[in-house]
Every structure is written in C-alpha cells, then in structure tokens.
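Take a look at the structures below.
In the two complexes that follow, chain A is the common piece, with chain B as its partner first and chain C second.
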Partner chain A sequence: MSDSSDKSLLILCRRAPGGSAQPRELLDIALTAAAFDCAPQLLFADDGVCQLLPGHDFTGLIEALPVYGIERVFVDAQALARRGIDPARLLLPATPLDAAEIADLLDAQQLLLGG
Partner chain B sequence: MSPPLHIALLVEASPHSHRAATTALRFARAAVAAGQRLSRVFFFGDGVLAARPHAGEVADEPDPAAQWSALAAESDIDLVVCVAAAQRRGIDTAALAEGFRIGGLGQLIEAGIDADRLVSFGD
Partner chain C sequence: MALLHIVNRSPFEHSALPSCLRLAKRGSGILLIEDATLAASAAGEWAERLSAAMVEHPLYVLLSDFRARGFGEAQLIAGATAVDDAGFVALVCEYDASLSWR
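Presenting the complex of A and B:
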C-alpha cells in the first residue's frame, strides 16, 4: 500500500442520527481511516448536525472521536442556526464554518465520502 | 492515449431499493469498456445486499449478484463485501455469490489511497 499521509480525506455527514444506519456506518469509515493514519476530517451539515446533539444511539462515539485521532471536526454554522441549535450544546467542540469556508474545505480534499 | 485511470467504487445503495446500485454496475461496465483500470468494488451499507446469490429475484428481473459476478470474472475485479455491514443485515458471509469475498473497511481505505478515483454510489 502506498503512503497514506499524502491524501486528504473528508467525510460529509448530512443525515440525522435516527433515520437509517448510514450515519453510524459513515463514522465506522472515519474510524477505520483514522486507524490507517489517514487523518480523516468530518463535516456535519444539513440534518447531520443533529448527530452532534445528545439523545441518540451513538453519542458516546461522537464524544470519543478525538480519542480515536479524529480531531478536525467541522460543522455548518448555517445548518445549526436554521435549526436553532446553540453551538454550546454540541457534544464536542466542532469548528463552525460558513458557506464560503465549506466550499474551500471541500475543494481542498482529494477524497470525499458520505452525503 | 493517456494511461488508464485507476478507479475503485464504493456501493452503498441497496440493489432492491435504489437506482444508484444499478448505476454503479453500469458505471463499472463502462469504465472497463473504456479501457480504464477498475481494481476493486467495495460493498458497504445496504449495498452488501448485492452479494446475496439469487436474492429472491423474479424470473424476469435482473439478478444483481450474477451481473457483478459476470463482470468480475471477465475483468478481474476484486468484489469486497464489508463483513460488519453484511452480518448486520443477516447475510450468510460463508455463502456469497461467485466472485465476491468478505473483507473489512480497511480495504475501502486502501482502495481510496491507491486508486486515482474512488467513486461512490449511495442512495
């Protein structure tokens, strides 16, 4: 296998935690990528921002992301505002981004998964 | 002519519920036909349902497992099914359709790193 450190990976988490297995399975991809030293980044957007709130089935995993080496976690600030979510309530300190910053972040990636 | 592009696919959509699973198969065929190098297809989420042999298909409906099996046999494509996703969905991982093998998410990450393009098909 080639050197993993030279490819940037962003996982886009856009779905609410309770609707299907997809949100949890995407996080499994992120954890595996972290285990392979790929330094995955996460962006929570649309209904996916609700994964950062308490009260669903995998809150423990969300809180533990930094422990697994996933430290670059971003959240769509507009998606939070639209849903009336106070960033102080989030399970972990995700970096809020505006639309232009999100565009730059997506543009900078070599690998993009999720949706 | 430019050298072939090294492509890998991620299939997350159920072959029974979403058009995306069929689109993945058609994309794979087109990539091979165009002379590109398709090394691996990784089945994850509900996409793993494509690996069940003869998954209750009606006589005049296509059998997704058989279609993938045929393509893999012709073109030497590695069809990898995520073990955790398959077990969660009650798939007998010891009896996958021809050409499919069981694997783990590490093989998806590896494909993402090694391929020039990782193309995903979700619902």
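Presenting the complex of A and C:
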C-alpha cells in the first residue's frame, strides 16, 4: 500500500456522459484508487468536461469526489469554451488549465490512465 | 525519458490525436497504433500536422497496424519511426510513463 501511495496517478476523462459506461467506469477506478490511499488527480478534457455539468446519470458520483479525498480536479479551459460551458455551472470547483499547464501536469505524473 | 502518448483512434473520426498534439509537452513521444496509424500516411491530410509535431515530439508508428490498414513503409510519413511489437514494448519501458488516448 505504501508503494502505491508514493506514485502520482492522474486519470484523464475525455468522454461525455450519456453514451457508454466508460466515463463512469473511469470514475469507479478513481474511487477505488482513493480507497487504497492513492487519491488520483482528475483531468476533464474534450467531451469529458460535460461530466462536470448537472443533469446526467452520475452527478452524485462527481459531487462525492471530495468526500473520497479526490480534491485535485482540473478541467481543460479550452474544452469548456468550445462547448459554450460557463465554469460557474460546474458541479465541482475544478481548476481550469490552459494547454501548457496541462502539458506540465501530464508530464509530472508517474501513472496515467486515459479514456 | 518523459511521457509516451499512445493514440489508437483515427483522427478522421475522433478528437484523441488532435487533443494529444495540443496537450503533449515538448519532448514527449507519440506512438500511433490501430486506427491512429491512418494519420501517418505521407500523402494524407494529417501529414502536415504530424510533420510540424515532429519538431517537438518523436513520432512512432506501429507498422503492423499501418500495414493491416492497407499501407506500407513506403507510404509512411518522413521522420516517423516504424516499430514492431517488440519495439512497442521497448518504448513503453524506455519512457518514464505512458498515457493511452482512447
């Protein structure tokens, strides 16, 4: 367990809710990792930014992320803007990042899981 | 040795490759597998963008997947490195971490 907690884990969520089960499965993985003291960072990009909006099937899961110790949540600012999403509507206070900041964030991780 | 981005979706159908190119840090590697290898056609419309990307990123293409889609090494974009399955594994070991863009 101490082994896994030493590793930085980032999960990249890129799919919209309402299509496949994949977005939810990635979040399940995030919660599982958190349960094993390896709280991942989450980055929502592309259509995945829609997971942060209210009104879909697993908003409860999104809102519960901080309860499970997942507090570092980031969102691709350009993906929000391209879809006309006002950051004030997000379920969580996700930190908006530009492309260069995301590049640095990805590069700093030891383990990455993409979707 | 930085991060290896692995893309398997066709850029003609999905946003995985364009997003990867936008968000990859200079020096990180990009490996195209499965349908993403379609981007590596020298005469295709992605060639120009990939050539520009190769200024900042080493580009690798899984040759068996490129071949399985009707292309050959002669059609591979200049500057890209063709790899076989063993080369794929070697790359994953060489880089510090990998990220699959699915």
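Simple rule for what comes next: the second predicted complex is superposed on the first by the 113 of 115 C-alpha atoms of A that agree within 3 Å, B and C clash if a C-alpha of one lies under 4 Å from a C-alpha of the other, contacts with A are read in each partner's own complex, and residues count from 1 in each chain.
FYI, a residue touches a chain if its C-beta (ideal position, glycine included) is under 8 Å from a C-beta of that chain, and two chains touch if they have at least 3 such contacts.
Since we're looking at a predicted model, the values are computed, not measured.
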| item | value |
| --- | --- |
| Chain B versus chain C as contact partner of A:L12, first or second or both or neither | second |
| First (chain B), second (chain C), both or neither touched by A:Q109 | second |
| Partner chain in contact with A:D28 - chain B first, chain C second, else both or neither | first |
| Touched partner set for A:P54, first chain B, second chain C, both or neither | neither |
| Chain B versus chain C as contact partner of A:P66, first or second or both or neither | neither |
| First (chain B), second (chain C), both or neither touched by A:C38 | first |
| Set of chain A residues, in rising order, touched by both chain B and chain C | 111, 113, 115 |
| Touching residues (chain side chain A, partner chain C) in the complex | 12, 14, 45-47, 76, 78, 99, 102-104, 106-107, 109-115 |
| Complex contacts: residues of chain B adjacent to chain A | 10, 12, 44-46, 84-85, 88, 104-106, 108-110, 112-114, 118, 120, 122-123 |
| For the chain C and chain A complex, residues of the former touching the latter | 2-3, 15-16, 19, 22-26, 28, 96-102 |
| Contact footprint of chain B on chain A as seen in their complex | 1-2, 4, 7, 9, 21-22, 25, 28-29, 32-33, 35-36, 38, 111, 113, 115 |
